[in-house]
Structures are given as C-alpha cells and as structure tokens.
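Just passing along the structure, written as structure tokens.
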Amino acid sequence: MLLQRTIPLWIAIAAGFLMLASSFLRPTQGLGEDFANAFSVIAAIAFVLGAGSLLKANLAKVSRRDAGWGFAVVTLAAFLITLTVGLFKVGVHPSPEFPTAPFSGSQQAADTPFGWLYEYVMVPLTSTMFALLAFFVASAAFRAFRAKNAAAVLLLVTAFIMLLGRTFAGVVLTGWLPDWASGLRLENLSVFVMQVFNTAGNRAIIIGIALGVAATSLRILLGVDRSWMGGGGRG
Amino acid sequence: MSGMGGQGAADGPLQRAAAWLVRLERLDRRWVFLTMGLAVLVPILWIGLTGRTFPETPTPAAQAVFDQIERLPEGSRVLFSFDYDPASAGELQPMATSLLRHCAARKLKVVCMALWPLGSNMAERTIAQVIRQDFPDRREGVDFANLGFQAGNEGVMKVTLTDLRKAFPRDARGQSTQDLPILQGVRSVRDFPLLIVVGAGYPGCKEWVQYVVTACGGSLKMVGGCTGVSAPQLYPYFPAQLSGLLGAIKGAAEYESLVNSAMGGETPPKYLEAQRRMAPQLFGHLLMVGLIVLGNLIYAAGRIRRAAA
Amino acid sequence: MPRPRGCRWWTAVALGALLGAARSAMAASDAVDAEPVFMQERLPLLTWIVCIAGATAFFVWRSRRGKPPTIRRIAALEAVDEAIGRATEMGRPVLFIPGIQDMDNIQTVAGITMLGRVARTVAEYDAVVEVPTSRSLVMEAAREAVQASCLAAGRPDAYQPDRINYISDEQFAYTAWVGGAMTREKPAACFYMGCFFAESLIFAETGNAIGAIQIAGTAESSQLPFFVAACDYTLIGEEFFAASAYLSGEPDLLGTLQAQDAGKLAVMTMVVAGAVTATLALVLAWKDGEPWPVLQDASALLQRAMGFQGASSD
C-alpha cells in the first residue's frame, strides 16, 4: 500500500507544487524545466515497455491465428523494418564533415531508405487517413444535422452561412448586394459570425475548461481525488 | 382500416413524395462517400486542365498577416515554427510556402524551428521548395536557418523565452547554434520582432500565445496559420495576442493572393496551391449543404408519414 | 448555525502570510539590486490561484460539515452503467480510449480517472474492457487503474492486461488501428475520454456505423462539435473534469465543483463589470468628447486583474 499508493501520491503532490512554484519564483524556474525533462526521459524509457507490449500482442495474434492476424504480420514487419533502417542508419551516406565515419550522416536525409519510407509510405498514409475526415463529415452531416428544434434551426442557418460564405458561392449568391448592405454578404456574415458569436462562445467554453482544469489539478495536488490511481475514490 | 379519408391522404402527392424520401433514410453511406469523392475529384481535374482559380478577397485577419510582414524593415529576424506534419500539409503547406516566400522576398532573416517531430522535415521541404529554388543567393546560417525539432512542447517554448540556444543547442545540420551568424545578438525569442507559427494542433498557435506571447507582454508580435477546426478557438486571441490569423485553406488562399499580387509577374504553380484548392472546397461545401437539406427533407417526410399514420 | 470564525481567520492569516512573503521578497530584491525572486508580473495569476484554492478549501470544508452541494443531472454520466450493461447483454466488449496525449496532459489524467470507474463497473458486470493507448506511459497507468478497479470490485480475476495495449505514438497510425479493431470486433459501448484531435470524428463515425452506444468527453473545444454530432452522449469541457466527482458522490469532491462554479461567478461578474465600464467610458466620451478618467482607470484595473498586460484591442 505504501509503495503503490502513498509514495506515488506524495511524489505527485510534491512535484506538482514545485512545478507551480516554478511559474512564480525565479530560482525554481530551472527546477520546473528539469521536471519537464525528467518526464520526457521517463516517457522515452516507457516506450520500451510499449514496444514490448506491441510485439507481444501481435506475435500472440499471429501464433494463435486470431481473426485479422494478417494485419498483425504487417504491423510487425513495418515495425521491424523501420526500426532496423532507422537505428542502424542503413544506406546513410557519411556526413561531408566526417567522410570517414560511416554513421555520421543523418538518416532523415531525402536520399536514404529512411527518408524514402517517410516520403513514400508515411506521408501518403497519414494524408489518406486525414482525408477520410472529408467523407466522414459528409456522412455525419447527412445523418445528424436535423432541424428538430429552434436551436437546431439556428445551428443549420449558421452552418449554411459558414459553408457558403467561406467559398466563392457566397460571392456569387450575395455579391450583388449594394455597399450599404455589404454586411449581409455571406462572406462578411461568415467573418462576423466567427469574430462575434464564435469568439464569445469559445471564450466561455475556454474559461469553463480552464476552471475545470484548475479544480481537477487542485484536487489531485491536494490529494483529495486519488481515483487517477485506480480503484475509485480515495481508497 | 384506412377508410375513405385515409386512402385519399395515402394517395396524395405529398404522401407519395414523403414515402419516396423516407426510403433514402437507409441510404448506404458509401453513396455519400462516392459523391463527396466526385465533388472533390472533378474540380481538381478541371483546374489541372484549365489552370483557372477563383478570385480571392482577403479578410481582415489574412490582411493583418500580410501587413505584419510588410511592416518589418529589410534584414529583420523572424522566428518561424513549423508545428504540423504531413497529415495536415494539405491545409497548411500552401500557407507555409507563401509565408516563407513573402519573408524571403522582403529580405527577412528567417529562423525555422519545429515542436512536432515531423515539423523539421516540413521546414526542410519548404526551404528547399522556396529558398533553394527561387532565392539561391540566400546562405544557410546567415540568411536563413533550420534549428530542427526539439521535444518538450510547452517546456521548449518556456525555455525560448529566456535562452533560445539552450532550447536548440544544435541546428538541423548538427552545427552548434552558438556559432550561427543569423543568431548573433539573439538571446531569446524576445529578440525577434515577429513570430510566425503554422500549427495543426498541439503544440501549436494556442500554446505559443499562452506561454510566449502573453509572457512577452506585447513586445513580440505573432501571426499564425492553423487548420479549419482550430480556427474558432484562435479567433478570441485576434487581434490582441494574435496579430494576424490564417484560418484553413481559405485563409491560405487569401494570403497567397495578397503575396502573389505584391510580387507581381507570372506566378509559378507552386504558389497557387491554396487558390487551386478552393474549387474542390466550393463543391464539397455545396454537397454538404445539399446533404443537410436532403437529410432535413427526409426528416420532415418521416414526420408527415407518422402524422398521417 | 453561527459562522465559523476560526477557519476564516486562518485563511486570512495564510493569505496575508503569502502576500507578505511575496512583498518582502520584492522589497528585499529591490534592496540588493538583484533580479527579484518573485515574478511580479504574474501577481494577478497568483491571486487567482490563491482565490480558487481558497474557495476549494472552503467548499470542501463546508461539504464535510454536512452541506454537500446538489449537482445537476449529467445525462452522459447517468448513461455509463446503461452502456456497460448493454455490452454485457450483447456479449461484446467495451472500448475505452483515453485520448491520444501523454500523462502530462490533465485530460489524460481525467480520462484515466474515468477508466478506473468504468473498469470497476465492467468488472462488476463481468464484461470485458479494451483499452488501446497511444502512449506507453498511458498504457502503464491504464493497466494500474484497471487492476486496482478490479481489485476494488472484488474481481481480481477480471483483470486482463493483454487487453490494454500500446499501439502507436503516431496519431493516424493509432486511428487506423482503432478504426480497424472497432470494425472487426464491434464493441457495443465506446467511451472516448481524453484529449482528441482530428481522429475524433473518425472514431465517432466508425462507432456509429457499427451501432455502438458512444459516450465522449473532452476539453478540446475544436473537437466537441464532432462528438456532439456523432455520439449519443457528450461531456462538454468542464463536465468532463467533473465526471470523477460526480460518479464518486463524495462530499469532498463535490465541494470542489462548487469552487469551480464560484470561480465562474467571479469571472462573469468581472466580465460584466468590465463591459459596462468600457461601454460607459465609450458612450460618455462620445457624448461629451472627453473620457471620464475614473472609468478608464476602472477599465484598466479590471483588465490588469484579469491578467491582460497592456495588450490592446485596437
């Protein structure tokens, strides 16, 4: 109990208050940076555990021939190839400053296998996944944006103003309005919505979230809430 | 038992239309995906063939970004943070390209950095595309530099407030930042008149505003570029903490048109990417409006049928 | 009941000591002509922190004296048991995603807190919870939380560490894995509790396609619209941070929610006061051609109190 709950709690409280002090007291600023660096080091060490878990889970899936085990083979292959190519700097040319040292070059250079993996595997795959959002937002709009009440109607009207105002369609539809009514042009309306309504709403949400963060942090710092250690409540 | 009135109502044109629309409620979403794919693909092909783009009228936020760079005298230093990765390059790369081009054309000294692991690659790609191709007389380390990526998110930002070299002891080439000519006389981010951030999420423009710009108390001006979903949460900071904002590909297109107009002459295609993407955006948005209208018609049709039943 | 003087007096003493120490530090630094220890420009921020901490201490004390606050019903949290029960009946797993950020993000900590509560209910209902994580530290924290929850529920055998896995630090690699797992394994209940970015809509739409009941909670304001549109229940911003206190029902934790509300009330009061002051200064200046100095000073003082240091809005 001491090692599993009490000591971690006191480490969290002490580190938290020291980080807080580092925001206000100049002599402790370096301490705050050191704690942040310590977290990065711990996270890097923890990556070994994560990688081990990844290998174990996927190897088990392959050996048991679970549903979708082919994907596990692809995962393992990609992991091992990228790790090998990057860690051992396969195909990396020596740096011009140190031509006799074989590992002096950067593996991230464009003409290296690692650079090739980045440019022709990583970039297309991540761009593709991000592009899926366009399709999903269309299906979500079709399914979910229904004018069921007054607030929903307001939402839809605003959505139409923004969707049309941020494209050339807004200019075509309302560009003919005279100068004295230019505020009603869709492109100007969309800017007005962003600068007035959106700003007000976002400020309120941001302030609420900031207070929520402050309260949650205080609960953890003061040891009032220990449920982040699991088990629930203060137990 | 429908009776005469019910049978008459069931045969009415409104009822028939409602019955037809309700069938669409179970429309396989793959038809929606296909339609969206065509709405984006066809304009891309059309623009590729014709090379035509829509005219852009800059909004105040985009104009402010342009004005902030224009006001800097020649030789001023600018810190440029590339806080995005290839996933968001579709939206952010055009604005990063135009921003770097504008800075290079104004003969500003640009110090690039990244707080995202792949941001350094994006910086190198942009430098290669803009400075090395179109401004070959600029010297690395003297007129521009890439400090590379540094892990630590806000921690790095806080360190740059006091000691930039401590945050980035070496540049992307591995050379010590102590000897970089471009950083002579620079101790921290406060020594830069302008900070440019192109950010896709966390850490990004918001964190720079919260941890750096606010701490500098107005001496450091910042302009930012962000994705469409991040723009609403950054508008509250404009124009106080954020002197200019490019929101999504629309903001990039507006800024691009400003820079191209200022540069004059024939514009290479690589500096028209944002404006070229406005046509797929137009048809995508029109499709979204159509889908929302169709969805509401289906909903209304369902209510009519339930009321009739 | 008579007002407790002792607590108020001690609070005043503590506040005074803190401010006195800060002022002394500033005076001492002036005397020795060195850089001041205390960063004076952050005094408004420190004042806010002290006020919120004081309010927290007061309301926690008040709750312990038998006056816990009444919390409005939050539909998303009421639906947690229903969602897990549905998964148990259907014989399908529960999916819990604690966000894609690391343990240094408070939203991830709040997500792990929620995981502890969800895992306890899952253990009690004899269901299964899958927790794919995007960070190794989060995987370890999640395992600890779930193990402790299974022990607390009296079901230590229900803990299956292999169901809590690290996938990838890369955002869209993680998203692709989770999307594929959801499509293949079809969890009946999906919980998205933590810090999310672009992948939020991909998760929510995939969950919709497989017919899962979805409960989301995040403080990322840019992702809230996607969750609200696509999920059955959404915890918006501070509701997400209140979840732990809400579900526990403990007076101490509920008292901190009151402190949050007190902070909001203070901010609202200052915003209204600032808006009225600035408007009056503008209107009267327009009317008479000369601004009232007292109004301008009041407006500037409010801005300083809110932490704005000379940043202008023109």
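A few remarks follow.
Should a chain be cited, it is by its letter among A, B and C, assigned in written order, with residues numbered from 1 in that chain.
Here is the rule we use: a residue touches a chain if its C-beta (ideal position, glycine included) is under 8 Å from a C-beta of that chain, and two chains touch if they have at least 3 such contacts.
If you're wondering where the values come from, they're calculated on a predicted model, not measured in any experiment.
Centrality by Cα centroid goes to chain A. The pair of chains sharing the greatest count of C-beta contacts is A-C. Between subunit A and subunit C the centroid-to-centroid distance comes to 17 Å (mean Cα coordinates, whole Å).
In whole angstrom, the spacing between the mean C-alpha positions of subunit B and subunit C is 28.
Counting partners per residue, subunit C has 171-172, 198, 221 as the residues that reach two or more other chains. In subunit A, the residues that reach two or more other chains under the touch definition are 126, 129-130, 137, 139, 141, 143, 145, 202, 206. Residues of subunit B in contact with at least two other chains: 29, 85, 87-88, 232-233. Those residues of subunit B whose C-beta lies close enough to touch subunit C in the complex are 29, 85, 87-88, 201-202, 214, 217-218, 227, 229-230, 232-233, 239-241. Remark: subunit A residues 20, 23-27, 39, 42-43, 46-51, 53-54, 56-57, 60, 67-68, 71, 125-126, 129-130, 132-133, 136-137, 139-141, 143-145, 202, 205-209, 211-220, 222, 224-225, 227-235 touch subunit C in the complex. On the subunit A side of its complex with subunit B, the touching residues are 29, 32-33, 36-37, 40, 95, 97, 106, 108, 118, 122-123, 126-127, 129-131, 134-135, 137-139, 141-143, 145-148, 156, 159-160, 163-164, 166-169, 171, 187, 191, 194-195, 198-199, 202-203, 206. Considering their complex, residues 27, 29, 32-33, 35-37, 40, 54-55, 57, 59-60, 85-90, 118, 120-121, 151-152, 155, 158-159, 162, 174, 231-233, 235-236, 238, 247-248, 250, 278, 281-282, 284-289, 291-292, 294-296, 299 of subunit B touch subunit A.
Against subunit B, the residues of subunit C that register as touching in their complex are 41, 101, 171-172, 195, 197-198, 209, 221-223, 307-314.
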